[in-house]
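What follows is a pair of complexes built around chain A, which joins chain B in one and chain C in the other.
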Partner chain A sequence: MLSKRLGKIGFIFSLPAILFFVLFISIPVFFTIFLSFAGWKGFDLSQIRLVGFQNYRDVIYDKIFWMSFFHTVIFVMLTTVFLNLFGFIGAMIIDTRIQGTRFLKNAIFLPVLLSPIIIGIMWSRMLDAFGIVNKFLQAMHATKLPILFLGSPDLALYTIIIATIWQFTGYDMLLYYAGLQGVPNELVEAAKIDGASGFKIVMNVIIPVLSPVVTITMLLNIIGGFKIFDIVYVMTAGGPNHHSEVLATYLFMQAFRFNNMGFASVIAIVIVFLSLAASLIRMKITRQEV
Partner chain B sequence: MIRRFVRSVAIYLFGILFLVPIIWVFSLSIRSKKDVFRTMFFTRDIHFENYIIAWNTFNFGKLFLNSITVTCISVIVTLIISSLAGYAFSRIKYRGSDFFFYVILLGIMIPPAAVIIPLFLIMKSFGLYNHHLSLILSYIAFGLPIAVLIFRGFFLSIPDELIEAARIDGSSEVGTFFRIVIPLSRPSFATVTIFLFMQNWNEFILALILLKDKILYTLPVGMANFVGQWDSPWQLVAAGVIISAIPIFVIYLLIQDQFVKGLTAGAVKG
Partner chain C sequence: MMKKKNIIIASITIILFLFSFLPLLAGGSKEEATEKKGSAEQKKIVIEFWSWNNEGSYPIVHEDAEKRFEADHPNVDVKRDYISYSEYLVKVKAVLAGEEAPDVFQIPWAGEYTELARSGKLLPMTEYLQKGFPKFFENVMNAISVDREAWAVPLDLNTLQIAYNKDMFREYGLSVPESMDDLIDITKKLADNGKFGIAIGTKDLWAGADVFFAQIAYTDPTHTKMAIADAGKISWDSPEFVQAARNCVKMVKEGVFAPGANSMEAFVGAKNLFVQQQAAMFYPVGNFVTGGLTADIDKSFEYSLFPFPPMKKGDEMLPTGGVAEMFVVAKEGKNIDTAIDFLRYMTNDDGKEVLVANDFIPSSEYTGSTANLSDLYKNMLDAQSKAQSRVVYNTRVYTAAMNGMQGIFGGDLTAAEFIDSLVAVAKQ
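Our next item is the complex of A and B:
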C-alpha cells in the first residue's frame, strides 16, 4: 500500500523532467529521422512529401558533405591527440608543485572559461594580415607578405584546430592532474629505487594507472569534436570555399541558408550516429572499470 | 637549488607565453585608433575610454541582461526539475523509473546541433520563435541529462536510515526532500549549478537559430554578430572581448575549486 503510494509520488517527482525530455529532445530526434526521408524545401508543413532514401543518396554523392565529414574527422583526431598530450604534460609539470606551477595552472585554464566565440574572435584578429602573428613573422623576416591563415584553403582548418587546442588544453590538464593524485607514491618511489628513468616511470608506471582517465578524457574530446560548430562558424564559417567546412556548419548552411531540410536532417543523423558510437564505447569501457 | 630556480623561471615564462593572445588583445583594447595597426604590444598612449565606447557601441548592457535572464531562469528550473527526478530515480523508484532514467541518460549523446531543425519548427508552431522562452525551454531540456545523472548518483550515497527515519516519523516525501535531502546535497547543487551556468552562458547554435531580433541576442550571438564583424574597429572588438570575459573570470577567482568541479562534471562516469 505504502509502496504503491510512494511509487505514484516518485512518478510525479520525475514527470516534469520526463516531459521536458520527450518534448524537446525525443520528439525532435524522431522528427529529424522522419525529415531525413522527406523532401521539403520550405516552411509550409503541408508540403512535406516522403521521398524514401533520396536524401541519403544525395548526401552520399555530395562532394562537400564528404569534405566536411573528413574535416570533422581530422579535427577530432588532431584535437584529441594534442589535447591529451599537452594536457598530460601540463599535468605532470603542475604536479611537481614547484614555485610557479599555480600560476601556470591558472594561465592554461583561463581560456577554458571563455566561450569558443570569444576565442574565435581573438584568434581571427591575431592571425589577420595586420595581426600580431604576421607582425612577428615579418619582424623575424620569416615572411615578406602576410600569411592569410584563415583565407587559405590549406591552412584554415588547421588554424581552427590550433585555436581549439589552445582553448581546451587546460580542461584535459585538470582531468589528468586529478588523475595523477590517485597514482600511489610508493609505486613511483619503488620504480625510482629500481633505477627506472623518468621516461620509463611515465610509460610503465604512471600511464597504466591513469588508463581510465585517458579513455574518459579522449572520449570526451572525441564527442566534443564531432559537434564542433561555434569556433568554425565565427572564424571562417566553413570557408574559404568549404575548405574548413565541418558537419555541423554544413548542416546549418543546408538547413537555414538553402532550406534543404531533408538533406540537412541526414547530416544531423550522421552527427548523432557518430556521437552515439563514441558514447557507447565510453559507457562500455567505464562500466567495465567501475 | 639553482636548477629549481631555473625551472621556476621557465614555468613562469611558459605561462606568460601561453597567455600572449590574451595579453595582446588587452594591449589592443587600450590603443588609440592610430596605434591599432602600428604597434605589436603596449604603447605609452593609453585609451581606457575604448571600454566605454565599446560598451555603448555593442550595447553590452542589453547583451548581459539577456544572457543573465536566459541563463539564470533555465539553470534554476533545471535544478528543481532534475533534483526531483534524481530523487525519484534513486530513492522512490517505481515501475518504469529505471527505463525513464536510461532514456534521459541517452540525451547526453544528443548534441543540440543535431535537432536544431525540429526545435526551430516546434518553437515556431508554439509561437515562441524569437522569444527568450524558446531558449529557456531548450536549455532546460539539454541541461537535464547530466544534472539528473549527478543528482541521482549523489542521492544514492545518502544513508538509507536518514530517509527511512523521516518516512517513519510521518514526514511527506516533499518534506523529506526539502528538509533532509537538499541540505545534505549542497556540494552536488553547487557542481550542477556551475556546470549548467557555463553550458547555458556560452551556448551559441540554439540562440543563433531561435532568436531573430538583435535586441534579444544573448552574449555569444551578440559577440559573433556585432563585435566579431570585420568592419568593427579593432580596439573596440578587443575591448568587447575583455568585457565579455571579465565576469566569468571574476567568478572563477572567487570560487576556483567548485568552478573546476562544475566544469569537469561532464567527465562523470556514466
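Our next item is the complex of A and C:
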C-alpha cells in the first residue's frame, strides 16, 4: 500500500521531466524520422507529402554530403585524439601541484567557459590573411605571402580543428584531473620502489587505472564532434567551396537555405545514428569494466 | 507518523508541481491586465516590424517612417525588431509556419525570395501597389514579381561598384581603367609599389558571386540570358556564362584581387585593407555601405566609384545592381491594412526625402531637390540608371555560384568546373 503511494508520488515528481522529454525530445525525434520520408519546404504543415526513400537516395548520391561526412570524421578523429592527449598531459602537469599550476589550470580551462561563437570570431580575426598571426609570421620572415588559414582548401578544416582543441582541452583536462585524484598513491609508490620509470608508471599504472575516465572522455569528444556546428559556421561557414563543410553545417544549408527539410532530416538522422552508436559503444565498454 | 510524513511529501509535491506552471499563470494574468488597460483606454494596434539591417543609416529611415506613421495614427504602435541575418531566415520560416509572422518584415532579394513567395504565406501585393504607392521602376517591378504577382514593397535600390583611392591613383599616375587589361595593368603597377589591387572578402560568400554577375553584364550584350537561365529555359553552360567565368579566373590569376579573399569578410577584413590604404580598390561598394566606409576613411583620403571595366576599351561601363531593402506582409497577418498603410509611409515622398538624405536610392522616381547631393551620390544615381541585374532566384544555383567563386578565388576550381557546378545544381 505504502509502496504504491510512494510510486504515485514518484510519478508526480517525474511528471515535469517526462513532459519535457516527450514534448522537446521524443516528438521532434519522431517528427524528424517522419520528415526524412517526406518532402517539405518548411512553411506549411499541410504541404508535407510522403516521398518514400527518395531523400535517402538523394543523400547517398550527393557529393557534398560525402565531403561533409568525411570532414566530420576527420574532425572527430583529430579532436578526440588531441583533446585527450593534451587534456591528459595538462592534468598530469597540474597534478604535480608545483608553483604556477593553479594559474595554468585556470588559463587552460578559461576558453571552455566562452561561447564557441566568440572563440570562432576571435580566431577568425587573428588568422585573417592580414591578421595578427600573419603579421607576426611576416615580421619573423617566416613567410612572404600571408598564409590563408581559413581561405585555403587545404588548411581551413585543420585550422578549425586547432581552434576547437584550444577551446576544449581544459574540459578534458579537468576530467582527467578528477580521475587522477582516484589513482591509489600506494600503486604509484610500489611501482617506484620496483624501479619503474616515470613513463612506465604513466603507461602501466596510471592509464590502466584511468581507463573508465579515458573511455568516457573519448566518447564525449566523439559525440560532441559529430554534432559540431557553431565554430565551423562562424569561422568558415563550411567554405571555401565546401572544403570545411561538416554534417551539421550542411544540414543547416539544406534546411534553411534550400528549404529541403526531408534531405536535412536524413542528415540529422545520420548525426543521431553516429552519436547513438558512440553512446552504445560507451555503454558496452563501461558495463564490461564494471 | 508515516501517514503524516506522506501527507507532507504529497503537499510539497503538489506545491512544486503548481509552481512549475507559475510562468504560464503569470503570462495569463499579464495579458488580462493589458486587456483591461486596453479596454479602459483605447485599444492600440501593434504593428510588428522585422529587419536585419540594424547597421548604417537604415534604422534612421525605419525610425523616421515609424514616427511619421505613429504621429498620424495615434492608436498604432510600430514595434521594430532587428534580427541578425545569420538567424533571420530561420526565424522567419518558423514564424510563418506557426502563423505568428510579424505584420511587416524584410525579405531577401535573391535566392530565398522565390521560395518564400511561393510558400502561400505572403500577401500578394500587385493590387495593393496600385493604391497609394508610388510608381516603382519597371525593372524593380520585374524583380519583385514571381509567377506574375508582386509579393513585396521595394524600399530602395543599390548598385555594386569598385571603390578606388583617388589619392593613391594620383600618386602612382593611374586612371580609372577602361578595360579588363587596363585593370590588370593597374594592379601590376600597384603591386610594384607594394599595394594590392581590389580588396574583396568572399568568406561570407555573396561578394564573389557578384564578380561573376558583373562579368555577365559584359559577356551577355542582350542582358537577358541570366534571367532566362534562372528560369531554366537555357543552360548555364551557354557561352556568355562560360566567358564570364573565364574572365573571373583570368582576373584572379593576374593578381587583380588582394590575396586571402576567402579568409576575409566583405565588410571587415577586405574593407580594412582599403581603409588602411594597403589596397587601392575595394569591391563591392554601393549606397548600402558608403556611409560606414566614409566614416571609417575619416577624410584620410578621397575615394570614388567605378564599375568593373568592360572586356574591350570603348565599350560602355556597366555596373550591376538591384533592389536593396524590400518588405512583405504576412497573408495571415492580423493588421494587414495598417501594415500596408505603414509601407505607404515608408515609400511616399517624405520617405524618399529621408532615403536620399541618407544616401539611399529610392525605388521610384525622386522629384525632390538635387542641389545638395554629393558627387558620390550622383555617381551612384548615374550608375543606377545603367545597372544590370545581379539576381539569381534559384537558391541552389545562387549558392553554387557563391561557393564556386570561392573555389575560383582559392585557385582550386577552373572556369569549366565552375560552370559544371552551376549546370549540375540547376538540373536538380
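Following the convention adopted for this analysis, the second predicted complex is superposed on the first by the 280 of 290 C-alpha atoms of A that agree within 3 Å, B and C clash if a C-alpha of one lies under 4 Å from a C-alpha of the other, contacts with A are read in each partner's own complex, and residues count from 1 in each chain.
Criterion: a contact is a pair of C-beta atoms (placed from the backbone, for glycine too) under 8 Å apart; a residue touches a chain by one contact, two chains touch by 3 or more.
These numbers come from a predicted model, not from an experiment.
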item: Which of chain B and chain C A:Ile9 touches, first, second, both or neither; value: both
item: Partner chain in contact with A:His242 - chain B first, chain C second, else both or neither; value: second
item: Chain B versus chain C as contact partner of A:Ile18, first or second or both or neither; value: first
item: Which superposed partner A:Met140 touches (first chain B, second chain C, both, neither); value: neither
item: Partner chain in contact with A:Leu45 - chain B first, chain C second, else both or neither; value: both
item: Touching partner for A:Met253 - first (chain B), second (chain C), both, neither; value: second
item: A:Phe130 touches, of chain B and chain C: first, second, both or neither?; value: both
item: Touching partner for A:Ile193 - first (chain B), second (chain C), both, neither; value: neither
item: Of chain C and chain B, partner touching more chain A residues; value: B
item: Doubly contacted residues of chain A, that is, touched by chain B and again by chain C; value: 6, 9, 13, 16, 43, 45, 124-125, 130, 233, 256
item: Contacting residues of chain B [partner chain A, same complex]; value: 4, 7-9, 11-12, 14-16, 18-22, 24-25, 28, 36-37, 40-41, 81-82, 84-85, 87-89, 92-97, 100, 103-104, 107-119, 121-122, 124, 137-138, 140-142, 144-145, 148, 173, 177, 198, 201-202, 204-205, 208-209, 219-220, 223-224, 227-228, 234, 237-238, 241, 244-245, 248-249, 252, 260, 263-264, 266-267, 269-270
item: Chain A-facing residues of chain C, complex; value: 2, 6, 9-10, 13-14, 16-17, 20, 86, 89-90, 93, 96-97, 111-112, 115-116, 119-121, 202-205, 258-264, 268-269, 272-273, 278, 395-396, 399, 403-404, 406-407, 409-410, 412-413
item: Sites on chain A touched by chain C in the complex; value: 2, 5-6, 9, 12-13, 15-16, 41-45, 47, 124-125, 127-131, 145-146, 148-153, 233, 236-237, 239-243, 253, 256-259
item: In the complex with chain B, residue positions of chain A that touch it; value: 6-11, 13-14, 16-18, 20-21, 23-29, 31-32, 35, 43, 45, 93, 98-101, 103-104, 107-118, 120-126, 130, 132, 135-136, 139, 166, 171, 174-175, 178, 216-217, 220, 223, 226-227, 229-230, 233-234, 248, 251-252, 255-256, 261, 264-265, 268-269, 271-272, 275-276, 279, 282-283, 286, 290
